[in-house]
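Here the structure comes first, spelled out in structure tokens, and everything after it is commentary.
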Amino acid sequence: MSQPDSQPRNPGLAERLADTRRFSETLCAPLSVEDMGLQACPEVSPPRWHLAHTTWFFETFILKPRCPDYPPFDERFEYLFNSYYNGIGAQYPRPRRHLLSRPDTATVYRWRAQVDEALQELLARDDDPALLALVALGIEHERQHQELLLTDIKHSFSYNPLWPVYQARNDEDARAPDFAWLNYEGGLVEIGARPGDGFHFDNETPRHRQWLEPFALASRPGTCAEYLAFIEDGGYRRPELWLSDGWDWVRQAGAEAPLYWFLDGGAPEYYTLAGRRPIQLHEPVAHLNYYEADAFARWCGKRLPTEAEWEHAAARLPVAGGFVDNHRFHPSVARAGAPDTPAQMFGDVWEWTASAYLPYPGFAPEEGAVGEYNGKFMSNQMVLRGGSCASSRDHLRASYRNFFYPHLRWQFSGVRLAQSMEAPRGPSPTAIA
Amino acid sequence: MSQPDSQPRNPGLAERLADTRRFSETLCAPLSVEDMGLQACPEVSPPRWHLAHTTWFFETFILKPRCPDYPPFDERFEYLFNSYYNGIGAQYPRPRRHLLSRPDTATVYRWRAQVDEALQELLARDDDPALLALVALGIEHERQHQELLLTDIKHSFSYNPLWPVYQARNDEDARAPDFAWLNYEGGLVEIGARPGDGFHFDNETPRHRQWLEPFALASRPGTCAEYLAFIEDGGYRRPELWLSDGWDWVRQAGAEAPLYWFLDGGAPEYYTLAGRRPIQLHEPVAHLNYYEADAFARWCGKRLPTEAEWEHAAARLPVAGGFVDNHRFHPSVARAGAPDTPAQMFGDVWEWTASAYLPYPGFAPEEGAVGEYNGKFMSNQMVLRGGSCASSRDHLRASYRNFFYPHLRWQFSGVRLAQSMEAPRGPSPTAIA
Amino acid sequence: MSQPDSQPRNPGLAERLADTRRFSETLCAPLSVEDMGLQACPEVSPPRWHLAHTTWFFETFILKPRCPDYPPFDERFEYLFNSYYNGIGAQYPRPRRHLLSRPDTATVYRWRAQVDEALQELLARDDDPALLALVALGIEHERQHQELLLTDIKHSFSYNPLWPVYQARNDEDARAPDFAWLNYEGGLVEIGARPGDGFHFDNETPRHRQWLEPFALASRPGTCAEYLAFIEDGGYRRPELWLSDGWDWVRQAGAEAPLYWFLDGGAPEYYTLAGRRPIQLHEPVAHLNYYEADAFARWCGKRLPTEAEWEHAAARLPVAGGFVDNHRFHPSVARAGAPDTPAQMFGDVWEWTASAYLPYPGFAPEEGAVGEYNGKFMSNQMVLRGGSCASSRDHLRASYRNFFYPHLRWQFSGVRLAQSMEAPRGPSPTAIA
Amino acid sequence: MSQPDSQPRNPGLAERLADTRRFSETLCAPLSVEDMGLQACPEVSPPRWHLAHTTWFFETFILKPRCPDYPPFDERFEYLFNSYYNGIGAQYPRPRRHLLSRPDTATVYRWRAQVDEALQELLARDDDPALLALVALGIEHERQHQELLLTDIKHSFSYNPLWPVYQARNDEDARAPDFAWLNYEGGLVEIGARPGDGFHFDNETPRHRQWLEPFALASRPGTCAEYLAFIEDGGYRRPELWLSDGWDWVRQAGAEAPLYWFLDGGAPEYYTLAGRRPIQLHEPVAHLNYYEADAFARWCGKRLPTEAEWEHAAARLPVAGGFVDNHRFHPSVARAGAPDTPAQMFGDVWEWTASAYLPYPGFAPEEGAVGEYNGKFMSNQMVLRGGSCASSRDHLRASYRNFFYPHLRWQFSGVRLAQSMEAPRGPSPTAIA
């Protein structure tokens, strides 16, 4: 890129692209070559695969269709690193990604370099808005995979009784602020991304009206101490606290605590990216699945917020909190926020909502294979909001919709309580005629 | 019941109870003793078990707590015929219900008689509103099991290549009315059961406001002919038409047509409760799961209605249509309705909605073990509306919420199209900042 | 059979046929119509299916090929009741036999009557040796299914916590004789069925020579008391006592005792065909699988006998013992035998041997589909010898080879110890060069 | 090892140890660090695990009990790299070995070096026969794992559509010799390892007598061409050629050819350690499981040899053939042997026998945890004889018993035909009395 005229036409975007691509590699720096191939279960992918797949995304959706002279690095990678885009073609089976020792790590890095160079050249000469939109999409796509890379390697490491340390970390000497309720009047509100507001995914659109009854939100997420009290009160042994599918999960999984927790009599411990350590009780509890978050809320006599309630409450807040940008790779203890403002709405832990992941009224996915990005997953999953300690701050916003199956818990996923105010209930729900 | 004063205090309810109990036995009349034990998969139950469990419901929730002198028929039945009430105690494993050859059919009928007599005696002397509410609940509970009894025996019979005939039936000589769209303005509507409106389940409450954008509903459900066109256009081979989980289901199940259909080259046939027969193309298509209904709608360029849209459209319609009361045990061809009125909203086939089965704002389940009836199933399932040819007409209403897992299709479940009007979409969903 | 000349040409065989067919129905007499359809797992079959399949065997292998005028009862039954004969055609899936409520029990009995009548007519007019051999095979086939019918219904009943009683029974007031060893010199012995000796299966041939080192056999099978001592000594918790596959089975199955045993602290009980009862400690222990029999033998410091050792020891003994003919349907306490004679070699419990079920040298299966009877199962199974309380005495002989997978234990299968004498061992098995 | 007197007391053994240890590392030389962690299924292990486990064997069974001053490299490795020795303690779950990215490859090599040094020091000062026997066992143990390392990496590589090349190789320009039968008289023969004959495993003892009827062996293993003819004659579609369990395997696995074969219409290809290549038709066919070997033999109208027949025929032959020592890592085309001598009895492909893997008469395993080496696997497996192109020549001998489950085929396992001569059959196997 020595040409004198190769100033990118969209300098901000080109730089953001370069930064994002570089950050993926920064995240892999603490990993050995051996670590780069780990895949503990079908839901997680090896770090090397994440590096390759994000590269595949740019090569497949941008370079191949837009650069006739671009020589694909290896035609066979189109199949190997396709995640789930049927519009592109068949996919190498997801549970076997750990078997791809070839291409090796060094080759993947070379591929990344070739694609990065070609992208920068392209951006220097082309400012087609559709191109820029795709590059922006590729950046956010890579940020999502950065988060997965961290949660995936944490999961894979957790099966190794040597308790690998991804990065050492000091404990915090902090207390969570006292719990309080924040009230919201509801009414006819709008949620969803606004055209012109900046990047957003198709699943955040169209912005639309929704009626909310009055509700209250917890001033902060539930903490490890609070969740421990739930456990000690028999939380995992009382079916009346669980959804039916949740109770089935408890029994089949033999669940007794959040993922990564060890409760064997002594001081409670958990596996973290800093190794196995004593649980810091003031931290927001993480690695809950939907069933656990819901059961905890029931035990409290409360419920989870809907995604509309959450977004309504978050809409005017700054996107501030514990993100991957702080390089802690672990949730932080909440700081007291401004008065009447919920703390930790963004960052630290994703917050399970009571909302199923479904299309907004009038939703239409993008055209072409890129349209498979979000829309086809709109069944059987629940929405999470707010981002976590593994998310990039720039990646998040109030309208952002994350989604996972209700039994999964390898994300940094926690719980924020909600309750309905003046619930408009009739007398007996099964009143006789 | 020889006492001169044993006139039931709530004559309508007592009679309805007797009628309902009798109808369960009427439905079993065409079955052999051998048929009474069939259970083809964990989701379905043997007819004899349905007869026993509905009796258990009355004995457990009414006679035992309210009649100190009532001698339970057999204390061991409390465990054997508990379906899923953890509040009552442990349950005999559901997949093994077919192994309960004892108590035999005659014994179950004797149990029914004892319980029926005790209930009538109780109703004759007690008109506690809570009792009446529970009896009403038990009646509707039994009606639900009558529907299951029919769909379950159809499913179990379908594995027998002798194609058992539950009841012979003549084909209809009728054509479905032409397809049309019916428009609705939406706005801030109310859905849910109104206190005082008569019996309803807890999951229909509280009645609450919801905002609807303008939409249109199909004038009738999709027909077998229309669904056949979807199949012939490669519907089951085109991943772009399916939700991701739906496509996984297609491949794992090897699905190529609705349940019970045979497409082997000749005239299409299906297994029905009248045996194996040629498909009547003008009938509403049945035995679709959610994925199939959704894929069909996508192929049409449309979508499924939400449950709020459906209920809003149905709210002022009479509960009329093809119910079990007509003794056809099969969906009927739609008749043209009144102008600007959707046909077959009630009866014939349940209609999959685009709504996940979740609690209404402010929902609280009933107190006690009866509270497990509906609330604990509010995850991973989708709502169906309107009832089917196996439902009792008296059991249905506009606010009625049925729910099943999206992969299941042994119910008489069909599809009604919907579309959004004037969708408030912004320009590009992934517009760059 | 009104012809004056219809005296069967092989009167003994015809009578044996009639007796055997009648006995199948006698065994079903204590069963309700509901019981006739029970199938608790793929390995067991419903009683009604046994009645039908044994009838299928005669119709398929004898009446259809040999009686051009014989009208098959229902052509569809050829598929429905084929167990595993690929040479005949496809088979209704074994795990679903419980779904065949049609043909109903009465129809199966009518089928049996039609086939029985046709067989008797055939035998009255035809004495082709090949026919007689097939009828003899059909008789022994039906006897095998009679044994299965009993063990299968016991298994299916065992899932019903009402503990159905097939037939009441008094306990024995008897003690097992003291344990002793009986010595055998071995040498070059012959095993296998001798041509001309009477009916035998193809898998017992050819009679052949085998070299045996000196060995000793236990004077009687192991008792419940002895097996209980093994359990109390931690038998199910000590991996060193188990084959590797056996230990895997113990852990996966959570096994802690023989099938049907209840050891919950009080007096040990078991489920029997006479209901749930206190364990009679002097009885031979039954319902062990191969792994359990082998682990018990290791715990004793002994081993199981090979089938050649067993047959050599049994060859000159009368076929006497507790068979189904005594109508106890349960193993009896051993009686002291003649001096130097092992007790209970025949009847009461099958005895697991250390021999895999493999072809004898020179073995060739029968021609045609009947050749699938035994030969194709010669892998992954172990040989059992001697018959059980559910076998017919006339069905057994010293050369009889029964075979089951090593993890299965729903047969009346027990354990007889053996040991090698003067084992010709060298010094250290891994001596260095 | 600077002591002037550190000449090993058993110089041959110490050198063999050093050579063997070195060869494991030589075999890993073509592998990348990424390859070292591959595990495609529970049955195979990552190369790095093999390097670690063989080291564990020496540290656990020799250094820890015999060298009080020896500091174990890392106490946690006792659990991590225990394969299946319950006598030592619990084991890290086998299916997860690929998750052990730590200890990394370099650490495992350091561990190897520490153990090697300590072993050489020990051998220099101690010549306890029990020690020498354990070292000899450790050497043979490591040779077994070298073979597994090759077959395992071949299997793991085979899932990568880039078809990794472990080592390039030229095709042979050779033809297999014509097929012939070699006759053996049988009689009372001896098999098993002779005390004093050199190293052997416990499962080869005690040497004992066995009676053999006359038989014939094929002059060479079956070739790819011959196996292809079986396939083309419908071998995988004809149930009559298969054992029942084998036919179940065919249908469940969808098997149509040996493992690694591609028959898609063009010239047949297979995946080899030299990449994907055209099948060399004169080579012995490899990667058959027992069911395939048995079905092929049936199709030929023949059978597999028993292990006694095989050993009797091999007993006087030199241990010569295609072993790992030739660095081809692939079976070679047979060369014509001496007259009346079977070719390729040793090396190239393991030969499935008709014998189940069971204890020899009088067998007793070694004392202690080492006794778990062979004895506890004596159920459900079949014996293979002769070694393969991945075995060390020094590791093999006529009495050597290899064993695998009948459905497994990732070893270089082939087929040699046998037949019985003058089979002593009687007339009809089911002759009537």
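Side notes on the structure shown:
Should a chain be cited, it is by its letter among A, B, C and D, assigned in written order, with residues numbered from 1 in that chain.
Methods note: a residue touches a chain if its C-beta (ideal position, glycine included) is under 8 Å from a C-beta of that chain, and two chains touch if they have at least 3 such contacts.
This is a predicted model, so every value here is computed, not measured.
Think of subunit C turning onto subunit D: fitted on CA atoms, that turn is 180 degrees, to the nearest 5. Farthest from subunit D, judged by the mean position of CA atoms in each chain, is B. For this pair, subunit A with subunit B, the centres built from the Cα atoms lie 37 Å apart.
Centre-to-centre separation of subunit A and subunit D, using mean CA positions: 47 Å. Here the CA centre of subunit A is 59 Å from the CA centre of subunit C. Multi-chain contact residues of subunit D, defined as those touching 2 or more other chains: none present. Under the contact rule stated at the top, the pairs of chains that touch are A-B, A-D, B-C, C-D. Every residue of subunit B that touches subunit C in the complex is listed here, in rising order: 32-38, 40, 48, 76, 79-80, 92, 96, 98-105, 156, 159-162, 164. Interface residues of subunit C facing subunit D in the complex, by the touch rule stated above, are 13, 84, 86-87, 129, 132-133, 136-137, 188, 193-196, 198-202, 204-213, 239-240, 242-247, 290-291, 294, 303, 306, 354-356, 358-359, 361-362, 364, 366, 372, 376-380, 382, 406, 420, 423-433.
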